[in-house]
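First chain A sits with chain B, and in the next complex the same chain sits with chain C.
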Partner chain A sequence: MPLVEIEGLRVSFRQYGGTVDAVRHVSFSVNEGESVGIVGESGSGKSVSCAALLRLLPATAEVAATKLRLDGVDVLKANKEDLARLRGRSAAMIFQDPMTAFDPVFTIGHQIAETIEAHRKIGKREALAEAEQLLLRVEIKNAADVLGYYPHQLSGGMLQRAMIAMALSCRPKILIADEPTTALDVTIQAQILQLIKKVQAEFGMALIMITHDLGVIAETVDRVVVMYGGEIMEEGPVTDIFEAPKHTYTKALLASLHSRFEPSKGDPDAVAPALELRGLAKSYHTRRRSGFRVIQGEFQAVQAVDVVLPRNRIVAIVGESGSGKTTTGLMAMRLTEPSKGQILVDGTDISALDAAALIPFRKRMQIVFQDSYSALDPMMTLTQIIAEPLHIHGMGTQREQREKALKWLERVGLNRSFAGRYPHELSGGQRQRVAIARALILEPTVLVADEPTSALDVTVKAQIINLLKDLQAELGLSILFISHDLSTVKSLTDSVVVMYRGRVVEEAPTERLFADPRHPYTRALLDAIPATNPREKRLRTFLSSEEIGARTPRYTVIQTGSAPSAHPQLVTVAPGHRVEAIVTT
Partner chain B sequence: MLAHILRRILSVAFTFIVVSIIIFLMMHSVPGGPFDANDMPVSEAVRARMMAQWGLDQPLHVQYLNYMWGVLHLDFGVPFQSPGETVVQLISRAWVPSLILGGSGVLIGAPLGILLGMAAALNRNSWIDYVASTVATLGLTIPVFVTSMLLILIFAVWLNWLPASGWPQPNRWILPIACYAAIPLATYARYTRSAVLDTLNRPFVTVLRAKGLSERRIIFQHVMRNSAIPLVTVFLPMFIGTATGSIFVEAMFRVPGLGAYFVSSIEVRDYTLQMALMLLITFMYCLAYLLSDIAYALLNPRIRVGGAE
Partner chain C sequence: MTNLTAPAPIARIRSPLWFAWRRFLSNKAAVVGGATLAVLILMAIFAPIITPYNPEAQSFLTEALAFPSAQHWFGVDNLGRDFYSRIVYGSRVSLTIGFTAALFSLLVGIPLGALAGYFGGRTDWVIMRIIEIFSVVPPLLAALLLGAITRGGYGTIVFIAALFGWVQVCLLVRAQVKSFREKEFVRAAQALGASPWYIIRRHLIPNSISPIIIGFVLAIPLAMMLEASLSFLGVGVPPPTPTWGQMINEGIDFMFFYWHLAVFPTAALAITVLATSLFGDGLRDALDPTLKGR
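Then we have the complex of A and B:
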């Protein structure tokens, strides 16, 4: 008998003025030890289906099914005791954001131990001892210390490990992972996926992997359920789905995974690059209290970065959170004041200009942010939002401004009928289109795009990337594309700058960087990209983060000869390819 | 943690001193004085002698230091209204009724408000929730003198269950206490409801459910503990505000409490009592915020344990 049986599941939410179906006609089953992936975009009903399985939905949800069984128990008829047994013991869950998944006022040890105590008759002391063992099994080295830590004292990756330990605490038969790596950096994501696969094998559990990321699916599961708009589009073995997708939505998903690479046509005649950053650095003063003493310090967010953005090109800055990539982008726009260095726009240094002198340059440089919702004023209509830059720079009469805004609305692929709408009436992708229209209406030469597609679903992401590409070619734009998503970078940009802890560690034309990465960090980053083909599912060695860290050299060593130095420096290894290395003779 | 507390104490002490200076200067900037011609028709020589005797001819900062030196020894002088006793004696006599009535009001009202707020949050959009919202709105919007009149009208005049006013028999305390309880009850009902709802919507509550914890444990251990963090900071300042007496409530129920003296000491230019009362209130609030800060730090591991590794 299958471990999970779902047949004809329907979930609807009561709202003012009726009910809305979130999930319809969903049927699938999971056998013991099997790995099943559920893939779909936000709102496709993938999380709701699994929450229904554990009756975790809010009271406003109405759940109906011809069959909804977990571990032999009819979930819809389960009483309190049945539910307590199902949750945690039959099935355990791990969630997307480990930072908010733990109660902030209790220690990690307490929260794991209380799970054990809830399901077994066991003393606090033994429960804590078991918690320590579990933490060791998820490769947390200082398990005894971590028991006494509060959630805010741990990093996201460590917390997700602790969350996995907590899920394992009652030896569940099935592990439900709801986007377990979405909130994490790429390199951490790879480690967590490995860990999930490892513990699944060790504990002999079944796995349901809920994700929007086909790469995660290819890496982890045997069978895939594709969901769209609350319904199952297709279902099958992972290789079939990747190699012979039947449904158009699945095909669109896969297409976004294998997007083409076309370098943009640069402008060889141009003398000065559109944007050049020379030795741009940002440091923050820090004040730390230790008893009554205040310890002054300096935090180097960005250390003397050189970036060149040639005319009509797209350059990516990649790096994990905290690497300084966003700060660099904001400094280039002079939205954050740099501590040192120069910003050259078409050859003119704007780093020391005052507010008035900066205005003409503001027209030439625009920015698009990640979170389109908070980037658009909720009280303004789309026309007002798009026309506002014209209004600020006093360009044209009100009528002309409005007319131009409407044109741009169409240009970014939205209907004119959207003109009077407000941002909350749009989807994430549509809002990002509006943000792009607002940025480009001044016809700038430089666009800084700060993770513009990170908050979007896979298929929408592909559309926005295509839109940016088309507009770039039409307008002759130069784009500084800031991202942590290497697959997007690969399909869009001409060259890549890799940042790590505030430094540029490698820089190369895109194709070259992906083919021949030199810096250990770049290699780790590329290694961490999930496979795009389930047949390429790599057999990775199961190393802990510390072990990987210990084995990876911090720098490459290059023998060039002329000027050896003990300090790492950027070395040119090929035309346009620079890497941070220690130079020896 | 200890350093954190000591730093808070220093900053609160500084606040107290600054406020005391401001109060002292304000008292002096008010035109007129105790030996003004129309208040006290005495000759110029006598006035000068009296000014010298009370130290009022000295520069302002010397007067302030003299005064604060007395304050440190709990010597606030003699109230002009009743020269037979010291200010300290008067306050310790008059504060008792205010403390009993106001204090009980908060101690009864706050827990009831917390219960009501929790019940409302856990049964959202049910009749309990609507009752709680109504009670909270009424409690916060109807002024105390209206509440007290209504209470007197209903329980003393119509039903004739309780005496309308007076002191000191305990059955006369009931109505003013009920009056005092209204505001903490309403405030806490509102705060608790929103704090609990806020916590219930946080992702970790779903995680706790998915772990198979009982609903009771989730509510009473996790949700309560998290919701309590914003609630403790409100409690002490509210306690001080109520337990120093309300002019209206004390007037309505003819309670010989502290409240009446706030008004009378201004009316009759009773500088010593005025200063003492204001310093007392300032001191109590300073203490309340200090204790709230410490309680907040104790409940919140982010402050207690400090930053990330």
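Then we have the complex of A and C:
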């Protein structure tokens, strides 16, 4: 008998004056030890289906099904005790955002031990000992210390590991992972996915992987359920779905996975680059109190970065969170004051200009942020938001501003009827389009795009990338595209700058970087990109930061022509390809 | 209102105010509160028309302390004045003091709160210290002192109420501005070259609309109560001008035998405060476009 049986599931939500069907006619089953992936965009009902299985839906939801069984228990008829047993022992869940899944006021150890005690008659001390064992199982090396840590002391990746440990604490028969890696960097994502596969094999669990990313599916599961608009579109073994997709939606999803290199159009005017950062650095003063003394320290967020953004080109800055890529972008926009260095816009240094002198340059450079929700003023209509730059610079009458805003609304692919709407009524992708329209309405020459696609679904991500590409060609823009994911920048950018711990470690034309990465960190980033085909899935090895440091490439003076030094320096290894290396004699 | 040549029937674009009105109407309590408030304001404006007697004339000394009857709806007070007329005229003082004081609180509180929240640092420090001075002094004591020096009166009460009312508004606005200052739409406006003043005016204050309304609504009853307390203590609006506070003060002496002298002014004050709170609540929800779904 299958572990999970769902047949004819229908979930509807009561709303003001009516009900909305979130999920219709959903049927699938999961056998013991099997891994099933549910893939679909946000709002397709994939999470709702699994929440219905554990009866975790809010009271406004109405669940109906001809069969809804978990571990042989009819979930719809289950009483409180049955449910408590089901949640935890039969099925455990891990969530997208580990930061909010843990209670910030209790230690990790306390929270894991609490779960163990809730399900088994066991003493506090034994529960803690077991929690430590579990943390070791999820490859947390300093497990004994982590037990005493509070959630904010751990990174996202570590927290997700702790979350998995907590889910494992009751030896569930099935693990439901709801977008477990969406909030994480690519390198961490690859590690977490590998870990989930490992513990699944060790504990002999079944797995339901809910995600919008086909790469994650290719890496982890045997069977796929494709959902769209609350219904199942397609179901089958993972290789069949990838090699012979039947449904158009599946095909579109797969298409977004395969991207090609596409150089930008237009000449890179040789006169002066659109934006050049020269030795730009940012350090923060830190103060630590030890007894009566205050220890002054300095934290180098970004160390003397040189980036050149030629006209009509798209350059990516890639790195993990904390690598200083966003700080660099903000400094380039003069939104964060640099500690040292120059920012040249069309050959003019703007790093020392005051607010008034900066205004003409403000028209020429714009920024798009990652979080499209907080990037738009919730109290303003879309027309007001898009027309704001014109309003600030006092360009045109109110009517002209409105007309131009409406034109841009269409230009970024939104209907004119959206004009009077508010940001909260839009989806993430639509909001990002509005943010792009606002940034480009002044027709700037430089656009800094700070992870504009990281919070979006794959299909929407591809649309936004295409939009940026089209607008770049039309307007002759130069874009500095900041991202943590090399696969996103592949089809968009002309060259890539890889940042690691506040330094540029490698810089090369996109195609060359993908073909011949020299720095170990770049290789790690490339290796972490999820497979685009289930046949390519493989076991990965991950480098620690010490290993990356130890594997810094070495070149001789003859090879590079640079002076030898014990410290790593950027050396040119091919035209336009620079890499951080140690030069020896 | 959009392109006339567009072939597709574009849904009529409603103005944000239309939606705000719809949201307001859907909140029954707020509508009732608003209507009550409107009636009270009309009562205050047309007091001479709707009252049968002069509120200050002691025309019914022989019937002093009479209970409510068909002739005297709210009875007669201890000095032989028609109590209904006095209550209606009292609304003039209470309402004007309440609203002007609340308005002044906003005028002082919003800019100071926005400045403190946006700039932080030294500006914030100075404004916070000023607020602390006002929060450690008991308002009634200070009001008594000021009232005694200036011998009370209308202007003094408005001044005192505003003096202590703005603190609340300022703190609410500051907290809101502080949390919104870090939002990316503010960053985006900075990137566009907007001045701090522009950002405060166009982004931060509209986004603080709910704390502003809460502050406003809280300040009104506060000022009315202050007027009532001061009049009650004898340094408020001097008699014979009728005010609700004064009437409550006098009514207390007779409360156990002539209930109407205490009940009617208290009820008038309570109804006004309640109506303002309900109305303000509805207004806050109506002005928040994220609640459009209603």
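Criterion: the second predicted complex is superposed on the first by the 557 of 585 C-alpha atoms of A that agree within 3 Å, B and C clash if a C-alpha of one lies under 4 Å from a C-alpha of the other, contacts with A are read in each partner's own complex, and residues count from 1 in each chain.
Here, a residue touches a chain if its C-beta (ideal position, glycine included) is under 8 Å from a C-beta of that chain, and two chains touch if they have at least 3 such contacts.
From a predicted model like this one, the values you see are computed outputs, not experimental measurements.
Of the two partner chains, chain C is the only one touched by A:333; chain B is not. Applying the stated contact rule after C-alpha superposition, one finds that A:378 touches chain C and leaves chain B untouched. When both complexes are overlaid on chain A, the residue A:424 reaches chain C alone and has no touch with chain B.
In the superposition on chain A, contact is made by A:166 with chain B only, not with chain C. Applying the stated contact rule after C-alpha superposition, one finds that A:136 touches neither chain B nor chain C. Shared-chain residue A:255: touches no atom of chain B or chain C.
Using the contact criterion defined above for the overlaid structures, shared-chain residue A:353 touches neither chain B nor chain C, since it reaches no partner. Once the two complexes are laid over each other on the shared chain, residue contacts for A:115 go to chain B alone; chain C is not touched.
Per the touch definition, chain A reaches chain B in the complex via residues 54, 56, 80, 83-89, 92-93, 95, 97, 100-106, 114-115, 118-119, 150, 152-155, 163, 166, 170, 289, 291-292.
On the chain A side of its complex with chain C, the touching residues are 16, 333, 335, 355, 358-359, 362-363, 365-367, 369, 371, 374-381, 388-389, 392-393, 406, 416-417, 419-420, 422, 424-425, 435, 438-439, 442. Chain contact summary for the complex, chain C toward chain A: residues 2-3, 6, 10-11, 13-16, 183-185, 187-195, 198, 202-203, 206-207, 209, 289-290, 292-294. Interface of chain B with chain A (complex): residues 3, 6-7, 202-204, 206-214, 217, 222, 225-226, 229, 299-302, 305, 307-309.
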